[in-house]
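Just below sit the structures, each encoded as structure tokens.
The same subunit A turns up in both complexes below, where it pairs with subunit B and then with subunit C.
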Partner chain A sequence: MSKRIVVDPITRIEGHLRVEADIENGQIKDAFSSGTMVRLLEEILRGRDPRDAWAFVGRVCGVCTSVHSLTAVRCVEDALDITIPPNAELVRNIMFCAQYMHDHVVHFYHLHAMDWVDVVNALKADPQKTSELAQSISHWPKSSPGYFSDIQTRIKKFVDSGQLGIFANGYWGHPAYKLPAEVNLIGLAHYLEALEWQKEIVKIHAIFGGKNPHPNYLVGGMACAISIDDVSGINAERLAYVGQLLQDGKNFIEQVYIPDLMAIASFYKDWGAIGGGLGNYLVYGDLPANGYKDTKNYKFPGGAILNKDVSKVYDVDVRKDDEVQEFISHSWYEYKEGKDVGLHPWKGESKINYTGPKPPFENLDTTQAYSYLKTPRWKGNAMEVGPLARVLVGYARGREDFKAVVDKALKDLDVPITALFSTLGRTAARGLESVLVAQWAHEFYDQLLTNIKNGDTRMAEMSKFDPATWPKTAQGVGHTEAPRGALAHWINISDEKIANYQLVVPTTWNASPRDSKGQLSAYESALLGTPVANEQQPLEIIRTIHSFDPCMACSVHIYDEEGKHISRIGILEN
Partner chain B sequence: MINDASVQQPTYYQEVERKGYSRREFLSFVTMMAAFMGLEKSAIGQVIKAMETQPRVPVIWLHFQECTCCSESFIRSSHPIVADILLDKISLDYTETLMAASGFQAEAAMKSTMEKYKGEYILCVEGSVPTAADGVYCMIGGKTSMQILEEASANAKAVIAWGSCASNGCVQSAKPNPTNATPIHKLLSGNVPLIKVPGCPPIGEVMAGVIVHLVTFGKIPELDRLGRPKAFYSKRVHDSCYRRPFYDAGLFVETFDDESAKKGYCLYKVGCKGPSTYNACGVMKWNNGTSYPIQSGHGCIGCSEANYWDNGRLYERASSFAGFGIEANADTLGKVALAATGVAVAAHAVATNVRKHNLIFNLEKEGKQSEKELES
Partner chain C sequence: MIQNDNSILVMGLGNYLMGDEGLGVHVIDVLLQEPLPGNVALLDGGTGGFHLLGHLEQYHTVIVVDATLDNNAPGTIRLIQPRFASDFPRAMSTHDIGLKDMITALQFLDKMPKVFLFVVSIESLQQQGTQLTPEIEAAMPELLYKIHQQIAALQYEQARELMLVEN
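For the complex of A and B:
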């Protein structure tokens, strides 16, 4: 007989996620992932100026800030056939890299680490031994016995005060915590260091985009003009600032994040066999080295892998209407054609229809619709997106840079490549791609300097900015690799206005409910078979869910068929 | 604000000292915060005294219809000591973004604070509250955000509406507002003081400044008629913009990346909403003073103003939306008032303007065509 447990809210994520799981003989037998908040931004976008879309959809998420804005400007540029200048591509790439460095480090230390690091146990560590251990794994200068002793003293007093603040009610002392006290102390110390560090790397967004969170983008390029002889432009001081921040970011990733990740992973190798789930991976690809349209020269190659078979990578085309489709059989929406069909986003239609229990409630009826997320499929397959998918596709495409970091990590941990298909693999892949991204950022930066030195200072292609130059109707698609995975927006433009705007985002792929065939999506699938030692403290569920880095605000959307709200467009224009 | 001797919590100064900061660093931090809050020098002593003697304050931070940019901005707060105090030193007992506990343990942490510190905790709200369909568009732990807000606000000492979502509804309340996303002031009983801190997001140091003000002075900061702290929202971005002299001289960017853009001219004609936006961006800037939207070449989008998503398109000149005529008059008056305010950046810009009169005169000639266009 199985027992249903509920974890709601799942914390240390973006947004509102609920998991219900059936536990039998100490293992998860079935699992249900539910998104419980909706804002209906696509409906709000209808009738707006397409050039403004980036600002609206940028507000889809402030954690993976900038990624939706980037996708939106690409989407509109695709529809209007605008090719941006190389410098604008480079600046967007550098901002993309800064976002990854920030997001992955914050995820590891502030959203995920406490699943592996027992904060209270760190109080038992010997600072001298902690220092020796830290110095054996990294050159990072802050590693003296005194440094660790100060951190420990501070935390001890904090705990003694009885007011644990954000550390209150954690699963401390749970038998699944396996780290020696010294590693716990290193993790805790770097939690605090990373909190100070993270505000630095995003200054790159402020330099090019004016602020972070939510930097500004521009259809046609970027608004930050290059003017090496003006204080207002991107000049030598601004560029030097960016260079310094990129170097500091790379240092932190190589000297703090990666050594910590490897040290912690070495104590949790059993998690290399837990939480694998689907085994299907989808990547759109990103970081153009030769312009956005040249998809073969992306630093992150695109492609799909099925059934963990890395000997074969399938090409993906987001324009084809039989590839990416969305289903609603277990979502709080309606389709005109019924609950069981799948629709390509350009033809998407639906109407919100909450049929769940009246709040306050204890349980959802998971035999019916149980989430505000729709269920995307690629050629009918449930797919996992995110760092693990990217690293596997890069590896399977035979790319040397991916092979180098992956093979080294597998060797250092002494685990086979199959260990990647797991909760641990997902968490490790996030770190490994951070190393690559930090290196690529420098290549983009150097290229930007070279261009300027050679006299190319163009930053925006404005010849098609005026709506009078646009065709009467146009449609476009923009895609990226958000830190959390494959992201695409689809737009229909009619009479200079947005007729339809649709987003299929990473967490929708991963966190969606099952489809009409009963196929589970990535979260639910990854939870099957996971051991749960204590139903009151389901730490194991949290570990696997966090390994995906959920972003719920991104994932909840609604699409309406084109023209449905004509009267509302009328109101907008008045 | 919470001066109950029975609550044995360490003071800020004790905590700061414990962390290893010197008294000198502590004083310099306090002075900086006082400057941000626009205080007279004589008030700095009061801040120092308060920080040395006031105990820590329990904080509950709720998340509703949001994108979490406010939480992200909060952790960007630049002075290390501020990040330490606000993340470690206030007792942040509930925030879904950072707290260790999940599920019922998370809810228990919130409940415990609400009971133990009844009438003493600060309630922060990030996100709007959807009231359509009885609130089912935002549910946490099986309850609607409407239910949670009602429970958590009943016994709060004060409520802070973080960001434009909680203050004004922000993007999800833009037309046609399909979920009836509602700013929290429309749902609160009115018995608890409310501070609105709009912006998408607000500047990190502004968020820190509001909390520091509450804690150090034991009262809410002086608010304007819209409920925003005067210290940060009493001036228009336009009035503190370093590109203001170009506006006055009629020198404008005509299209992005043109020669005028490279010279850093005024962005008004490509849609800058600085003339109708009240915020501290021009003075404090973003990310520890690194830049702000106008400095990086894009106009202000007006993110701290109510209904900014429906106040005209981004790249539409501000004069074409309602109300700018009144603003334009205020502008002329604003110039006179400006000299008296002593806002460092703007005052400097004006001074420069005067000193370099001849240079500006030449630039004006260049800008005459623009000016004509503007008036037409």
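For the complex of A and C:
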């Protein structure tokens, strides 16, 4: 006898993800992940000027706004064979790094930490002991007993007022919370510090991108003129400020995020054997150190790993017709050639055909279509994308910088490499790549300064900006590694306009429904075997799904039909 | 924390790609073309979420414009003065969680500005595209008038307080 439980929505931020899980003997036996919102960007873009695509796709979501814009300019540049100047690549890289540092820290403290840190329990901590513990794991200066007791006073005021706000949805006191009160208090204190810090690092986007949120990009380069003495351009003062923000970011990651991550992880080592899932990982690669076309010199190398075998990394080609394909056998779409074919995105179609139950409904018929997400596959394989995939591919490719951070973490936690294939591994990988990204950001920044000192201030290649120079038809693909994983946009240009535009986004790889062969995608697969101690409070499901950092805004192509988005956990006898 | 005592931010929120849901962004586009007092700043907040915190805490007063899905007729304009995240209408648009989180965060940080929230009822969040429906287009002049009126009232109140201090 199994019970089906429904968690909807499961995200703490944008979008609508619903998970249905069948539970038997306290463990998940089967799981179904459904995107319940549709947002047809493809239709909005059709017929528009390709040079404007970045501005529209940047509006998809407020979380990783700039990575979609980056991918859009790359795909148009690919179609029109434009090579951007080195400075533009460096500025894009620095913005990319700032985005990562922001997104990963916010994910850890604000979207995921409360799955591990019990806020209410933090009130019981001894500030003196908390201070001693904090000083033993980090040199971060804010660590006095007075500091921690002040945090407790502030939180107590909130808890007593009944206005829990962000903390209102926690399962406080759940038996799966294992941290001592003092670690909970450190986590909570840094939750607040991270809130303060995160608003600083994003200023880099405003400096180079003119505004934030939704910074500006440009086909051919970047729209920020370097002019060392000019008050309105990227001048010496602004560049120095960027350097300071990058340094502050690196300090925060090294002295706050990583020590907290390791301290918390040390109490949850059992999660190093839960939530692994597929064991197949896909990375397109990013952070070009020598131009976007030189893929061998990406800081994040591309590649695919199958069946957890890190001795072999396969090359990935997003152009090949038989590599990346999208299937719809369990999605609310229809293709001209029927439900069972897979289409490469250059031939992609986005026609909706909702066949699900009329809302409000109790549960979905998961034998039929049950999601607004399509199902992407790489050479027919279900793949996980994201930080864990990137760290594993970097490690498997033998990159020294990856090996250094991974080996140290495994040693410090005293766990084998197999512990990476898990919920804990995913959460740890996000922290480890943050360390790398913070280091690389400085390399890009130093290179930018060197170029400027050497007299190179070129920021855009505009010779092919005029549509009169374009071929009658062209197709391109742009890819990136969004914080949540491999992201690519495919474009077909015809008569100077967008004829077709397809986005295959990270959360679609991870959160998609099963394919026609019955192969589960990453979320569904990762939930199998997960223990659930209390069906009314499925904290364990949330931990694993949150470890992927779900963000549905771009992956589902409208809102739940009733506009209903009230948090709900339903339990159905099956 | 607060730059100066009479600073006002008018922030429009919404997803520009989702029809009426993006009306906040449309409002800022119009206000950018209009004369405003020097202490008033404008921000197209888009679907900014966490990115907005730095903007919000810099101002004494923030006027937020956003869409909401309630049972009122499309184009109904309401002014709310929320003090807690729970004072926000429940069915605000797709970015609502971000904004509510930001309000709680500002309270935690003790940097909560005075907030005036204009919400405009829309019929559906299912719209695609960058156009507003005729009902929302028709409500725009009144919405803009009310925003200007609110700015004027704030200016008057601030001037009055200043005079009281000086006297």
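Annotations
Keep this in mind: the second predicted complex is superposed on the first by the 552 of 574 C-alpha atoms of A that agree within 3 Å, B and C clash if a C-alpha of one lies under 4 Å from a C-alpha of the other, contacts with A are read in each partner's own complex, and residues count from 1 in each chain.
The criterion applied here is as follows: contacts are C-beta pairs under 8 Å (C-beta built on N, C-alpha and C of every residue); 3 or more make two chains touch, one makes a residue touch a chain.
Bear in mind that the values here come from a model prediction, so they are computed numbers and not experimental data.
Superposition of the two structures on subunit A leads subunit B and subunit C into a clash.
In the superposition on chain A, contact is made by A:I44 with both subunit B and subunit C.
Between subunit B and subunit C, B contacts the larger number of subunit A residues. When the two complexes are overlaid on their common chain A, residue A:E362 makes contact with subunit B while staying clear of subunit C. In the superposed model, A:A468 makes contact with neither subunit B nor subunit C.
By the touch criterion defined above, A:F158 reaches both subunit B and subunit C. Look at A:L218: by the touch rule set out above, it reaches subunit B but stays clear of subunit C.
With both structures placed on the common chain, the touch criterion links A:E196 to subunit B and to subunit C.
When both complexes are aligned on chain A, the segment of subunit B among 91-99, 109-117 or 325-333 whose C-alpha atoms clash with subunit C is 91-99. Shared interface residues of subunit A, touching subunit B in one complex and subunit C in the other, are 12-15, 37, 39-41, 43-44, 56, 59-63, 65, 110, 154, 158, 163, 165-166, 195-196, 198-199, 202-203, 211-214, 553, 558, 565. The residues of subunit A lying in touch with subunit C in their complex are 12-15, 37, 39-41, 43-44, 56, 59-63, 65, 102, 106, 110, 154, 158, 163, 165-166, 192, 195-196, 198-200, 202-203, 211-214, 553, 558-559, 561, 563, 565-566.
Here subunit A touches subunit B in the complex through residues 6-16, 36-41, 43-44, 48-49, 51-52, 55-56, 59-63, 65, 110, 114, 119, 150, 153-154, 157-158, 161, 163, 165-171, 195-196, 198-199, 202-203, 205-214, 216, 218, 220-227, 230-233, 241, 352, 354, 356, 358-362, 372, 457-460, 462, 465, 537-538, 542, 553, 558, 565, 568, 571-572, going by the rule given at the top.
Interface residues of subunit B, counted against subunit A in their complex, comprise 9-10, 18-20, 56, 58, 63-73, 75-78, 80, 83, 87-88, 90-93, 95-103, 105-109, 130, 133-144, 147, 170-172, 174-179, 181, 200-201, 204, 243, 255-258, 261-264, 281, 286-288, 290-298, 301, 303, 309-310, 313-315. Remark: subunit C residues 15-18, 44-54, 57, 69, 84-86, 90-91, 94-95, 97-98, 100-101, 103-105, 107-109, 124-130 touch subunit A in the complex.
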